[in-house]
Structures are given as structure tokens and as C-alpha cells.
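Shared chain: chain A. Partners: chain B in the first complex, chain C in the second.
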Partner chain A sequence: MNLQQHNISDNNFEQCIKCTICTVYCPVAAVNPNYPGPKQAGPDGERLRLKKFNFYDESLKYCINCKRCEVACPSNVKIGDIIQAARIKYSKKQPKFRDYILANTDLVGTLSTPLAPIVNTTLGLKPVKAILDGVMKIDHRRTFPKYAFGTFESWYKKVAKKQATYPGQVSYFHGCYVNYNNPQLGKDLIKVMNAFNIGVQLLEKEKCCGVALISNGLIKQAKKQARTNINSIRKSVLEKKLPVIATSSTCTFTIRDEYPHLLDIDNADIRENVELATRYIYRLLGQKKTKLNFKTGKKIKVAYHTPCHMEKLGWAYYSIELLKLIPNIELTILDSQCCGIAGTYGFKKENYKTSQDIGEPLFKQIEALDIDYVVTDCETCKWQIEMSTSKQCEHPISILANALE
Partner chain B sequence: MKFDTIIIGGGLSGLISGIYLSQRGLQCVIISSGQSALHFSSGSFDLLNNLPDGTNVQKPLDAISELIKQAPTHPYAKLGENKFKALTQQAEDFFKNIKISIQGNHEENHYRVTPMGTLKPTWLTLKNLLISENGKCLPIQHPGIFNVTGFLDFYSQFITDEFLKMGTKCSIHSINLPALENLRKNPTEMRSVNIARIFDKQENIKELVQILKAESKDCDSIILPAITGLNREDVVDYLRKEINKPIYLLPTLPPSVPGIHTQQKLRSVFQQNGGVYMLGDTVLRAEMKGNRISQIYSFNHGNIPFVGQNFILATGSYFSQGLIANTERVYEPIFDLDVTFTPNRTQWYNSDVFESQPYQSFGVKTDNTFRCMREGKIFENLYATGAILEGFNPLKEGCGAGVSILSAMYIAEQILSK
Partner chain C sequence: MKQNEITQSFDVIIIGGGATGAGIARDCSRRGIKTLLLERLDISTGATGRNHGLLHSGARYAVTDKESAEECIKENMILRKIASHCVEETDGLFLSLPEDDLSYQSKFVEACNQAGIRAEIIDPKEALRLEPSANRNIIGAVRVPDGAVDPFRLTASNVMDAKLHGATILTYQEVIKIIREQNRVIGVKVLDHKTNEIKSYYAPVVVNAGGIWGHNIAKLVDININMLPSKGALLIFGHRVNNIVLNRCRKPADADILVPGDTICLIGTTSSKVPFEEIDHMRVTPEEVDVLLREGEKMAPILAQTRILRAYAGVRPLVASDNDPSGRSVSRGIVLLDHATRDGLEGFITITGGKLMTYRLMAEWTTDLICKKLNLSAICTTATEKLPGSRESIEEISKKIISVPLTQRNSTIYRHGDMADRFSENTPLDNSLICECEEVSVGEAKYALNELDVNNLIDLRRRTRIGMGTCQGELCACRAAGLMSDMKKICTNRAKADLTSFLNERWKGMFPIAWGDTLRECEYTAWIYEGVCGLTSSSKK
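Coming up: the complex of A and B.
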């Protein structure tokens, strides 16, 4: 018998010295006493789970996968990965119908966009919200993101030819949010890239990155979609020699880091060529000395919010530096803290309070400022901030596009 | 990414040098792989408690010339007597200037109280923590020690026993609030920081006032574990005002609430002065041009390098992997700098754990301005500061924080004078 086969983990939990620093920075442990905290849920629990699977504790579902524990850990333990991997491996709970609906952004988006005006109105109605709350356990206090009337992909078809004429080319992973909810952000990205004389192409086939499927336990489907995406990204990067950029920090993080760590999908050959648009632009500005033509507009006051996955990527710097280029901008950097929504987590009735409690310090900080917009790279942070504060929230690329001639 | 100074390591040393430089207009970045040792801090900063030969030190300034004789590669020896004196004063002004309130000064060590109730000499102690001027007795006669029921990182009985030896007679009390009941669901999470979150909330502080008022009638003062002041600084002042009695905090076992608060305050001062703080990233390698470091690469930033005029290595020692020991050698992983260590591994440690451990004094070799070297060749723009330095034993000499603070300030001065 090979004794070690049962006590070796793929994750480095044995590096943990139980210092509890992760728990200090866990947004959930701060507000929800039912969550045992990252140290207990991660490395501590892993040691037991390796002995026997029934040490698995369903309260791990309260983890929002923000990875702030990993960012804080002085010993470089992959705490968040350990927790998510344990959920995938041990959780016996079947996803509910609600979870399936929340996680299937492509399906719901495809059904909703052609009927957007009706869907948006209906989802805003009190009786509908009451039914969603009662039957589906989607909290009635939650505001739904609006669907766009027509997808980004269908709009793009009209400009594809012109985009192909630019001397430089780049591929764009637009994500579900741009496609179904906010095609304007995709259009803004195209405007900005065109200003650099670069045309934007879409991937041969793009599926939802799968982040919501992973967090709702729909792993098989997540893997399938991840494979489709990786194949398309490979075609772009390896065959066409076009790097892939994205506007969503969470999609980017999922493709780069969660595919190999949680879904066991190797991306080593293309990982370095998938990045956020703001980082790509930062690179362009450094290399080509391209000068952007800004409007001489009026003063704009913004505050940048660092989404959790942006904190983990370490890339907030690029978005912030890009914003600083805009003439007449007054930029405040908000404290890097979780807004509480965590994708589909905050939509669930059982998480609503936790979600809003987590975000409260951030909301307070925002409300205390005299600003025109909050700026952030994450779409779900945007929903949360717009629902929970009086401020509008925009993507840095949209702010930049607006400032350009 | 272009910066004037690139600082690797975001603990006490990295932050002090970063603040010092950015206050004087230099664009700095700090790259930190996880949170720092301040999270385990006692709440006090030591300057010099013992000479290498074990002699106790009362007045660090008087002992510095003897220290230089005994340990010529000690970071303080590199500073020299005059600079050491000047920098200790500057450091105290530095903390005042950034509004970190401290007790104590460089003229003479005072005494801090350990979580076990014993006294140890030190240089500076964060405000509200109990200190003693002379090491033989405490400034209070009949304190009430109040601990949170079920909080296991603070030992009222041990403290009471130790205090009694110094003539201070304590009474023991416990604190319980409904808000604490929630924490108790996870006994392993009954830790200082989690409790501190509760005592940052006004409604809970008010309840605490009621408990303290009701139970402290026969006490001349109140002692609490350091479980408040994580995100706000006014709690103890508020309690004093409400109860009208002296109130002191004692450090708990880690994590350290005063230490975490200090770390966050230093970080925020650094950022307010325009510094960029990148947490959770690891520097992987460096590129050199002649005897200069030209740029470094990190995990998060891949092929986008950090380009800078000067580099400060503040990565700490073994725990934070600023130094790595394997069976053959002790090395510095980013630049592969020259490291001082004895070749025979059996001489690295002493089998009596309480004795001076030689491995504690191993560290990166530097010249007298703390510039690092490889194969004996000095890098003109790479400085090392803090726990990674050679030639001192922070535990035995009680000088860890002092080395971190003074070397950081000295390096910042060197960079500014270039």
C-alpha cells in the first residue's frame, strides 16, 4: 500500500504555519460568523479532509473566492485554491435550479437580449421580484443588471470588415457582460484600440469563462466551456499570432489562473498572452510612444475601486496609470476592499446580508467623496456599487474612450 | 514600470524607507509577498537590550562603542556611533511626524510587558500599552485584568502571578457580550483580530463600558488584552473618559492588533505620499548592467519589468524567505548575493534552544553604506535593510526593530544624497 497517496495534496497546505493572517483579511469572516474563516476552511481543514472525506464542511460554500487570503498570506499558501478545490471534490450538494440559472450567463443572456426591454421592465417589477425571492431564493432587494437590446457579437458583425483593415490586430475576449448587458464597453474598447491603429477581432468561438459555473458547482460544464475558450485562444495566439485582451478582471483571472488550478486545464502555452486591455495599452504606450489625442473637456472626478481579482492579479496599477493620462482628471484611489457581490453570490437570498455587510465600508468611503464616477474593471463590482451607493460606476476603458477625440 | 526607487519587501524596514523617500518626492514602489512580521509584533520596538557578550544594556547610546568593538559587522557598527545617535532621534521624530504615538526614547530603555506578564527592556512602545520605567515594579497597584471569556491567547492568571512578584495585586474579571457569542461558534477563530472587529463597533464598546464600570469598583486601573484598535484609534481614550480610570493594554499572542494597525497606518502614509504598494507579488529575478541592477521581474507582472534608479532589499530573513537555508548553504534567492554563514552546518545552531543561535546572525554581506555584493563585487544601487542583514542577533541582542528602522532611514539618506 502506498501510504502517501492519501496524504499528499496538490496544494501547498503544509506551508501554513497557522498565523491567522488570512482570516484578518477575509471579508466574509469579518461579517458572517457561520463561515469558519480561510485558515480553518483551507489548510487546517485540508489536513483533515485528506484523512477522511467526511471532514468536509458545507460552510465552505460561504467562501466568495476573492483570494484576498492568498494575497495576504506570508507563506504563499494557495488558501483560496484549497477551499475551491475542496468544494469541487467533496461537496455533495447538488446545484439548485436557481444556481443553474444564475450560472448559465450565456443561456440566460441569449434568451434575454432579443426581448431586453420587456425583460428589464419585468425584472424590475415588485411582484416578479417577490416571486424570484420566494420561489428561486434570489433576493428581492437585489437590482438586476439590465440586458442590452441585441448582443455585442451581433453588433460587431457590422464592423468586422473595417476592423480587419487596421495595420495592427488584437483578439478580444468580451465576456458575457459586454455581450449581453453592456455592448457599449466593447464599442469603447474598439474605439480605444483603433486610436492606436489596432483593429479588434473576436475569438472564433467564445463561451462564458465559467467563473459562475465553478462557484455554483457546475464543474463539468465549466470544463467544457473552458476547453472551447482555450482552443479559440490557442488559435488566436499560436496560429494567428494575436494576443488576447479582455475588459473583465474576473474573466481574465479565471482563464489565466483558475483554469489550471481548479479545472485542471493546462494553459501554460497561452497564459502570458491573455491579459487585461489596460495592461496591454500600458505596454503599447511604453513601446511605441504612441500619443493619444484627448479632448479638452471639463474636469472629471473619479475614484478607482480595486476588484478582488484585480488585487490578486496585481494589475490595478495599469488601470490607474491609464486613468492618470486623462487631462483634467482628479483621481482618488479607494482602499482595496471587497464590494461583497462576488459574482452570483450576492444574488442569493441566503447571502444578501453578508454581501451588503462586506461592502458597507466601501460604500461609506464612496459616499463620503465628491466624485462623478466610481471606476472599476469588474462588472459585478459595478452592479454592487451602483445598487448600494448613489454613484455611477464605469470601466476605465469607457472613461478613456470618452476622453479621446 | 519606472520608479525612482524599488523596494522589495513591505514590512517595517521597507515601509520606513519607502515613506522617508516618498515624503521627499521620490516615486517609490513596494513589492511585498504577503503581509509582514509586524502582524506578530509585541507592540514595542527594541533598540539594544544586550551586547553580543550578554551584558545588559540600560542606555543604548552609552553601549554603542562597546557594541562596535564586539561586533564589527553589526549594522550599528556600520552606521558608527554618531550616526547611530542621530538616527535614533530622527526615528522618534519620524513616528511623531506620521502620527504614530509612542512611549519611550533612546536615552534609556523602558520595560514592556510580555503576554506572560514578565518585563522586557525596549526602546519604543505603541501608546496605550502598559510600560514600566524601571523593570522592578509597575506604575499600578490594584489593577483589574479583564479578559474575554474563551480567549485563549491571553493568560490572566500567569500575568497575575508575575505582577504579584512585583508587588502589584490584580483581580481577574471576564468580559462577555452577546456579540461575542457568534465568535464562539468557531473556537479556533477566537483570536485577537476577530475579537477586535467586535470592539471596533460603537454599540459593543458601550456594553464594554458597562461591564468595566460595574466590575472595576475596587480597581485602581484596568488592564485589557490588546483586542481593540484594529481600525480605529480612539477606543481606549473613549473608555478612559467614560470610566475615569487609567486603562492599559497588554499584548496578546499573535496575531497582534497593535502591530497590524501599525502596518496599515504605515502603508497608508506611504500611499498618501504617492507610493505604490503591491501586495501578494513575488520578485523572481533581476537584470544587471555592469555593477548596477537595471530592472527586476515579478510573478504578477511577467514580462513587464520594474525599472529603477535604486533598489532596496527589505525581504526579511528565513520566515519571509529573504534568506533560504538548505543543507549546504544559506542564500539570498533574488540576486544570489554574498551571504555570511559558517560553512559547517553543525555550527549553525546551538542544541540549547535558549542559547544564542548562530544562524540568527547570518545574513547578506554589505559595505558600510549597506550596499550589497556578489562574489565580492559591490552593486552600486542595491541596498539591504532590516532582518536580512548580517552581523546581528535580533533575539539575543534585542535589536531587531532598531536595525530595521535605522538601516532603512540611513539607506534612504544615502539614496537622497546621490
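Coming up: the complex of A and C.
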């Protein structure tokens, strides 16, 4: 009897017992009736797709891949992965030119940064927005992240030598956002790491992690970039024995979990050595008796927003605990809920309403607080919060760097 | 029990609402015969609803029983045309495993060819490409025109067509007496289980199409039919692991057919003789589960890790030939008995033996005999006239209901064919789902309740697949009960009892395989219905 009892199915969806908690926690299902919800799009739908491919429903594109369904699931079903994998396997919709532009953060960033003042002004002009809306279906109400005048990588070249002189060393996966939009965050990270007597190196070759390519269906290119990144990370971790840290929660999550789950790229040998900067620092504080020297500055009032991928990683704790170390900080933890942007999703005209509807409760909560900054580890959450509320949004590393002597 | 003498006259009374009975009702009504069909429970509750759902090519019988093989392939081709919405043309593979004798393959292919069955030897590598779930160690493969057929839909369509041609179909009417006048049968007395009344129906011809229960029906007029109840157990897996029917290329044995049927797949069967006292209480034993799994894994190793949904068993009506009371020479062929010539009793016919595959042919032979007795010369049209549901192409139906959400649209068309545009008023309520696993909408359930002779939740399941998915009623049962009450099909009190019997029936099938995730889900379901909805254990029997 029970010949099967020690066998665990590869078809993870079979563990679903239809409790439907995932759908309760789905930010999209709550506001968009065209989305069937994670239970139906995931385990239920997978069973039908195994019957016949034509049960693939294009409405799966409404999934924002926040993975909150997976966090909620008591049966450990990889619901978000099932949905994304189905999109990769079955979708026949070709990515549009718009999707290509939105997903190719490296290309667009490289073209924009040398002309940043012009690009930033132009993208803010109403007629330009109207054209982007009409032709490209990028919603005109959306504000664009500003491009930096010169990349982080080009700035880093100037400090590379000095960084190499520190006794400790760590590799930094800066991501597109730091490189093209916010080099200051990279500089802040270097300041914080240097305070621990640790120098910061860049990877031999870094490409965009590919999260936007995956969500826009450009899988081939995503795989190619992922391989480049994994090779560089291997060199750092296995040859130089340097762990890799990142400031973007989404880049970290993509490299650790989406590479093996969605792109079939094995990262088992280096996965544990890729982590978020705040977690690395928190653990550093625990190991060494290093003390950080804080300025005795004036009181600062912040509210921490937990990005979806931080919720999935389970690492919001580290960022929050680091913030608590800052003297004179008044910290509010916002309810953990999706801001609605989901990377490139919220930029698309057809998703604008869903995106803003999802974020509405969060925006209301933020507006009701008397705070100086919202703090979060995710760059796209920052854009969304800054566009949709009156508050400025900063990375915990930047807040930390500012508080240091 | 009330003794109300309600009487009505017909040309023919058919006892038994399986595929055969429904097929006879269709054939008779199409030939202009005033027909009554009586079923003691719901349609397709006997062997019709308890088999593999395999659209046999006949290959399985080619070596051992050429006559059955020829009947199968002919009916196979007919069903593809007349019942396209009940059939899935999957094809089948006969696999030779390393332990099987490969010399059987050539004997098998030759026998298939002789019976008119297309059987093509293909390279094992090609077979694995066609069906990746097959055992990678196979040494031989033969491709045959097997398929899948849904017996519930097939029977329901036959009933529908019979009704369209004037037949009366009454379910939950148990024949308790066959009325005789000297050496003639002239009618039947029935107990109406819905009203508890006794009724009489009269007709010059009465047909016994009761499957294995036909033995007891014949006993009512002291006629002995030498039947051998043969139990066959099967396992249903939670999803399809294969899209082509898998068979073993060897002499027919236990657990050597894996059929993809709708959203699931089934491995079966076993074969064991059971006493008549047990035919209403089939239970699958642990030994049967073991055999089914052990043998099933050999054909498709993935079954070892696939969640099992249910186990169930049916009873084959095997008939021993009249001159062999020992029962050794058992045939799976069609047995049509004219009791006038066999036993000197006029107006009584028994049709039994056979298979689901040959139900139409059995109906044709029976109806020919009925016509002879009634002095009619109408000809059979059931081999050419399509069943309701199969009259339009999937593309045409799909266009008609294009605004229904995709997965729901595909599911309803798969189940109801061209009837799918009948029930959707396309309102948000009608398009909301009752059963999420199988994508059954409120509109589809309403249609079944109004037009498909549904009396309770279990009947509704047979017409729609409500409760047949992985949750086995966890989410859909109370929604369906609610809808039935809203539509005044049952009162609240009955709804509660009905819900209980539905859930108990689901549990019966899960009990033999209750481990792992299936057990977790059972526990969860019990918690919902007992703990949250307050369905007490006393009301659970």
C-alpha cells in the first residue's frame, strides 16, 4: 500500500488544495476583473493546459509577477512561476516595439545618459507624452524616471583604484537603475561599505538582470544576459571569493530565483552568495564588532514600504532593522502591499488604471502620514510612489549613508 | 408506498438507462416507435459510467476475439462521425516493454490488419516523441486508431435525441414487477423513487437492457440468464500525463490501458468475479490499487509521482453461453435474447454483453427485433444521423459564444458541442463559475438543471463535471446546491441531505487512495463542510 508515499511530483501544482488564499492576496485580481486570479491562472489553468495548449488564456499577461500568491500559499505551490512559465511556453503574442524599448533598459539607458538633460526635458513635454501615448501606448499620465548625466560605471572608473586598496572587498551588482538613473545610490553604497573598511568592486561584465525582458516575453535575450551575469558572478564568487551584493531587491530576486525557475539557468553554486546590500550589512554588524559612526543630526521621519519581491525574499526585516540603527529616526512600517507599478507593467497604457488602482490604498496610507521620506529597496516602487504621492522616496542605503559621519 | 394506479401505454418499454438503453430509445424513437425508457437511478450509473472511456480501435481484441475487434473498429469510425463532441481522436500506442515478447507484435499487427484495424509499427523513438510520458525503455510500438469517449455525454446525447423524437425518459423508476398475461409480457410495474408511488406502464414489447442488473430483471419472470459479474477497478489521476492512449502489446491483462480522458487520465482495469449480492456496493481494495499503480508505472513511469484523484470499479455484464452452465466460455460479444424463442415468453427481449463501444450496434440489433415483433419495416438511421451536440464544428460554435471567457468557452464546447450556445445568456452571473477546476459556469449548470433530467447534485455532476476536478466538490458542491435551491429544483432541507450524499459519494472514491495531497484536500474539505458550513456528522450518515 502507499507505493506513492515517498514520491513528490514534479508538477508542483498538484499540491494545490484550492484554498484560494492566493487569490485573496493577489493585488491584480482585486482590481481587474479581466484577470482570472492566481489560482485559476496558475494551478487550475496548468491542469487545463496539460489537456490542450489552447486553454492558454492571454489574460495571464495581467499577472504582475509580484509573487505575493506564493508568499500566501500554505501548500508551497510556485503559483507565480507556473503563470510566468505558461506565458513563456504558450503565449503567441509577439512583443511590441514598445515592449522592446521598455525592456531594453541597457540600450535605452546607454543612449539616454549622454543626452540626459535633453532626454529628461523632452520626456516631460506634453506633446511628447501624447505621441508616446498614441503611438507607443505608453500612458501619458506616467512620469519617467530621470536619466543621469553620465553613468555610474563611468564615474566608478575614477574611484576604482582607491576602492582596491581597502582590506576587505565585495562585488556590487549595481543594476540599470543605479547605472543610468541614480548613480548617487551606488556612491552611497560605496560610502557605507568603506565605513566597514570594505572596498567595492564591479563585476567583470554586468548586463541588465533581465526582469523586464522576462515580463515582456523576450526570453532569448533574457537568457543571454543571464548567462553573462552568471559567468561574471561565478568569477567573483568562485575565483576571487568575493560575494556579490546588490541594492535592487528585484535584481537580487531575479538572479537568485527567476534564473533557475523561469530561464532554466542553474545558479545553485553561487545563489547563496548573491544577496541584498542591507542583509549583507546587517549580518556584517552581527559578525564583526564594527560600529558605525552616525552624525548627531536632526530628527528624520521615514516610512518603510515593503516591495513585493522583498516580501517574497523575506528580507524586508534587514532593511528595517538597519534603519532602526539610525539615531533620531522615527520609523513607520507601511502595510505590506503592492504599489502597482510592477516594473514596466505600469508604463503600459492598457495597465495604467489597474496599476494605479492597485497602489491606491498604499498611496492613501502614505499621504496620511507626517513623514520626510518613504524608504524602499525597489527602484520602480520609488517611481510609482513619487509619481502618485507628494512624498520623495529613497533607498535605505542612501538614508544610511546620509546619517553616517 | 402509495398504490396509485397510474397507467400509460407505449409500443416499447426499455428497462435500463445505460448507453445501450439510451441507444435503443434513440433508435426506436427515430423509427417512429412510441418509446418509454425506465431507469431505477440516473442515466449512465451502471457499467456505462464506470469504465475507461476508451474509444477502442478493436486492437485489444484482435488476437483473441476477431468478431469483437471488427465490431469495435466499425463502431469506432461511426462514433467519430455521429458523436464527435463525445470523442477525442487521440490515437493509441501498443507498447512492448523489455519484459514483453516482441514476437507478439507481428502476430498482433497481422490480427489487426485482418480485422480491418489500421496498425502501424513505429520506431520506439518516434513513439516517445509522440508520447513523452511513455516508458523510455520500450522496445516496440504500434500505432492504432484508439481514442477517448465520454460515456456520460454519449448517453445524455442519445437520451436528448430520443426525447426530440418523442420518447419518454423516466429516471428513478425501479421496475419491481413485469406484468404477464399468459405467455406474454404486457407491461411493467415500477416504484417511483421520487414520489414513492407505484405505477404501471403497458407495451407489447419490453426490453431488458439492465446490464448486469438484467440478471435480476429476468428473474422477475423466472428466466435465468447465465451472467457472471466481473469487477473492473480503475484509478483516476489528477491531470493528463499522456495525450495518446497507452496499451501493453501483449495478451490482455490487468492495468494495461492508460486513457487520457478530458482533464484527467485513467489506468485500468482489473478483472475479478464478484457475487451478485455485491454488484450494488463495489469497493476498490488496497490490492487492486497496488496492481493498478505497479502495472501503470511500467507504461508511464511518471504515474508513480502523479496525484491520484479517485478509485472506482464497475461491473461488466459477462454472459456465459446457454449451453455452458459452468461459465468457462465467456464471451465479451453482444448477446441478444428473444425470450419468445428461447423461453416461450412473448414480448420480452434481453440485450446484454457487449461493450460501451458497441452500444449503438446493440441498439440497432435490438430495435430490428422490436420492429419485427411490431411488424414495422422502418430502417435504422443511427449510424449516419449525428447526435445533438455533434452537428456543428467547434469553430462555428466558438464564434457564436466568442465573448465567453476562453477557458470556460473551450471547456463547455468540449462538453456540450453545439449545445454550448444554448445555455449562455452571457450575463456576468451566468458566466461566473460554479466549478473552478473544470470551468463549469452557472449558465451551464442551469442548462443541465432545466434540460438534462437532473434530480440531484450527483446527476448534475454526470452532466457537467461539477465536482470531478481535483477539489472533488470542495468549492463547487455548496455553490451548486445553492443554485439548485435558487432554481427551486430542491428545497433547503433536501439540499442539505443532497450535499451530504454528494460529498459522501466523493469520499467513497477518494478513500482507497487517501494519502498525500489527496488526503490533505479531503481533510480541508471536511473542515469546510463540517467546521464552517455546519454539515454535521449525523447528516453525513
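Quick notes on this structure:
Convention: the second predicted complex is superposed on the first by the 394 of 405 C-alpha atoms of A that agree within 3 Å, B and C clash if a C-alpha of one lies under 4 Å from a C-alpha of the other, contacts with A are read in each partner's own complex, and residues count from 1 in each chain.
Simple rule for what comes next: contacts are C-beta pairs under 8 Å (C-beta built on N, C-alpha and C of every residue); 3 or more make two chains touch, one makes a residue touch a chain.
The structure displayed is predicted, hence computed values, not measured ones.
Applying the stated contact rule after C-alpha superposition, one finds that A:V24 touches chain B and leaves chain C untouched. Of the two partner chains placed by superposition, only chain C is touched by A:Q15; chain B is not. Once chain A of one complex is fitted onto chain A of the other, the partner contacts of A:E350 are absent, as it touches neither chain B nor chain C. Legend: residue contacts after superposition of the two complexes on their common chain; A:R283 is shown touching chain B, with no touch to chain C.
In the superposition on chain A, contact of A:C73 is made with chain B only, not with chain C. When the two complexes are overlaid on their common chain A, residue A:D44 makes contact with chain B and with chain C alike. When the shared chain is aligned, no partner comes close enough to touch A:E330: not chain B, not chain C.
Contacts of A:L313 after superposition on the shared chain: chain B is touched, whereas chain C is not. Once the two complexes are overlaid on the shared chain, A:D266 sits clear of chain B and of chain C alike.
Overlap of the chain B and chain C interfaces on chain A comprises residues 19-20, 36, 39-40, 44, 75. Against chain A, the residues of chain C that register as touching in their complex are 238-240, 260, 262-263, 286, 289-290, 293-294, 302, 304-308, 405-407, 410-411, 436-437, 439, 469-471, 474-475, 515-517, 520-521, 524. Contact residues on chain B toward chain A in their complex (touch as defined above): 1, 33-37, 39-40, 182-183, 185-186, 188-189, 191, 193-194, 197, 254-255, 260, 271, 276, 278-282, 298, 300-304, 319-320.
Remark: chain A residues 1-5, 7-11, 14-20, 36, 39-40, 44-48, 50-52, 54-55, 57-59, 75 touch chain C in the complex. Residues of chain A that touch chain B in their complex: 19-21, 23-25, 29-30, 33-34, 36-37, 39-40, 44, 70-76, 272, 279, 282-283, 286, 311-315, 317, 333.
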